[in-house]
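Working notes, beginning with the structure itself.
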Amino acid sequence: MNRKGELHSGPANQRKDIFLLTKSPHSDRARLCLQLIAQSEDAVLYLAGDGVYNLLGESPAALSRERIVACQEDLQARGVLADENATVSVDFYELLIYDVMSETARVYTF
Amino acid sequence: MNRKGELHSGPANQRKDIFLLTKSPHSDRARLCLQLIAQSEDAVLYLAGDGVYNLLGESPAALSRERIVACQEDLQARGVLADENATVSVDFYELLIYDVMSETARVYTF
Amino acid sequence: MRMGAITIILTDGPYISEYAEMAYKIAKAALKKHEVNIFLYLDAVHIPKKGQNPAFFANAGELFGELAALGARVEACPRCATARGYAPVNGESEDYLGAIKITSLYRLAEMLEESDRVVALSR
Amino acid sequence: MRMGAITIILTDGPYISEYAEMAYKIAKAALKKHEVNIFLYLDAVHIPKKGQNPAFFANAGELFGELAALGARVEACPRCATARGYAPVNGESEDYLGAIKITSLYRLAEMLEESDRVVALSR
Amino acid sequence: MRSIFYLLDSAPYGSEKAFGLLNAAAVSIRMDVAVGLYADGVFLALAGQDSQALKVPNLSDIIYAYPEIRFLAHEPSLAERDLLSQSLTERVELLDEELFLNEVLASESVVIL
Amino acid sequence: MRSIFYLLDSAPYGSEKAFGLLNAAAVSIRMDVAVGLYADGVFLALAGQDSQALKVPNLSDIIYAYPEIRFLAHEPSLAERDLLSQSLTERVELLDEELFLNEVLASESVVIL
């Protein structure tokens, strides 16, 4: 258990920014989300709902495959293939909550 | 009363296109609306709700002042001045209905 | 006698957007001379709910009750209404203000076929 | 004992968007280890309405009833609820599923102050 | 009305709009019915949709169920969204800007949900 | 949470979002509260709003009623909407892209309604 006795601890207390994006690429919110990711030093992008459309075409953010997590049922419903851009998860919400609640995390929802 | 005995008659049976725009200028719908106006041979633009924001800056469509009608209470609430771009009406909905129901009119709502 | 018919389609609930109120203003103006049909679709099936009491906005339920009293036909989609907790019994919901019926999506098509103009207001 | 708290804010009603269902999935995952608060704001006050019966989607009322039974605190904004026809009597509406309270907008601020994380889902 | 153009400008699944619009189009087939996909509405044209795991209706299937309805997609919207290199539903006809606008103006009524 | 950033990206009056967001900000002033105007949210910064004839609350008045809240506007959004040549509410501070993004990331939590 960590000092606060509350949340999972992250690596070396460095702040981690979790971005949950549920909007399609041409929206103002997706644009803002990607700009914030570009400013962040430690970003992870979770794509759910219409957010998975951001995987069409070029990779939505300059993030490695491990740092982009996409929700499998949302991809399948929409006919979007994640290819090499993202980690596809059936336990999307478990992973999201684990990351979001880790001690050094902040979460931004778009 | 006209032949159909139903609606007001328009000038010389030429089709008139009535556009009711309630969206702000950066929306997809406003863009489509203005593109359709550009294609129309006889267009009148009615601006209500957030549509009145289209009067900020340059005139939203290549239409004369008489062909753009803006809703007064919507302008006032939002702090938008219509200046020379539009006809401002307190009887906006009466005018709209008169135009929409005239015999040769079509109506497009965005 | 009213001449010419207009159909208004709504998809937003009350208060969240200004479309219910805008539809009221359009319908009110149209009713002076024309037939008015209003089809409540998707979230707009919340508009006729009883007991609305907004502190800052006009009461949408009352506005649409007034339109019905003035002769507008106001009908709601049964799939949308049933999903949202307004199950119809003989075309009526006990949660609805009177005069507003829950009919059928086919009625939307009929309204459109029989109308001279259609105005759809949505976010 | 649950450690760490998350607050979820919703503004959409059920079915019209997938946010009610997404919030359910987030809350369900969070409840395994954490405290969960859910504040229903604007159109989201329709979510706890009784009698929902969607033919094609998961029943949002039941999903949120389940969350409350699992220990989530689900509270609704009184201004939004009263406007939309859910007037509270002692913090409850007869139109609401049990366990979901109509409290105060100040409770939103308290939830935020007391939470470690906040997730707002809206169109 | 003898003809109606339903315009969809929001993505499927994220909201009920697409489902609602397709249902409205389906009951309207005594008129000439077109469904125009514009802006985010063009995502409906993606092939391979399988909504079983999400537990919502498959909107692609509805498209195939109504041969009476013309499905038209606005090509610039598809291009902006990198969709021209993706597999698309065969039922959807691609129209360039001008042809799309002409179809809208040719219809007796337009409904955007 | 000790600080909260409410982001408004929709225009006032057309929807209840702006009113709801301002009310939420108003009850949150025991924390550090900022309201960020972004995209269509920047229309809230226009001076001279008078909503009496529309019979809805004047959102400009709410801005002035809560000196504890910082109001920040995203300058590129204002520029895109031709608002920089208009009279704007004095309560609103204009921030360029970078400063605006920094403010978002500096806040402990972000709420978009």
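Observations, loosely collected:
Per-chain residue numbering starts at 1, and chain names A, B, C, D, E and F are given in the order in which the chains are listed.
Operating definition for what follows: a contact is a pair of C-beta atoms (placed from the backbone, for glycine too) under 8 Å apart; a residue touches a chain by one contact, two chains touch by 3 or more.
Keep in mind that what you see is a predicted model, and the values were worked out from it rather than measured.
Among the remaining chains, those touching chain B as well as chain C are E, F.
Note on connectivity: the fewest chain-to-chain touch steps from chain C to chain F number 1. Pairs D-F and D-E differ in how many C-beta pairs touch across them, and the larger number is found at D-F. Centroid distances from chain C, each centroid being the mean of CA atoms, peak for A. Chain F has its Cα centroid 36 Å from the Cα centroid of chain E. Between the Cα centres of chain B and chain D there is a gap of 41 Å.
Distance between chain A and chain D, defined via averaged C-alpha coordinates, is recorded as 24 Å. Under the contact definition stated at the top, the residues of chain B that touch 2 or more other chains are 22, 49, 106-107, 109.
Along chain C, residues 15-16, 18, 42, 56-57, 79-80, 116-118, 120, 123 each make contact with two or more other chains.
Shared interface positions of chain F, defined as residues touching 2 or more other chains, are 13-14, 16-17, 39-40, 56, 109-110, 112.
Chain contacts here follow an irregular pattern that is not a line, a ring, a star or a complete set. The full set of touching chain pairs reads A-D, A-E, A-F, B-C, B-E, B-F, C-D, C-E, C-F, D-E, D-F. Listing the residues of chain E that touch chain C in their complex gives 1-2, 4, 16-17, 20, 23-24, 27-28, 30-31, 109-113.
Contact residues of chain B toward chain F in the complex are 22, 24-26, 49-50, 53, 56-58, 72-74, 76-81. Taken together, the chain B residues at the contact with chain E in this complex read 17, 28-29, 32, 35-36, 39-40, 106-110. For chain E in complex with chain B, the touching residues are 7, 9, 38-40, 97, 101-102, 104-105, 108-110, 112. Within the complex, the chain C residues that touch chain E are 9, 11, 41-42, 79-80, 105-106, 108-109, 112-113, 115-118, 120, 122.
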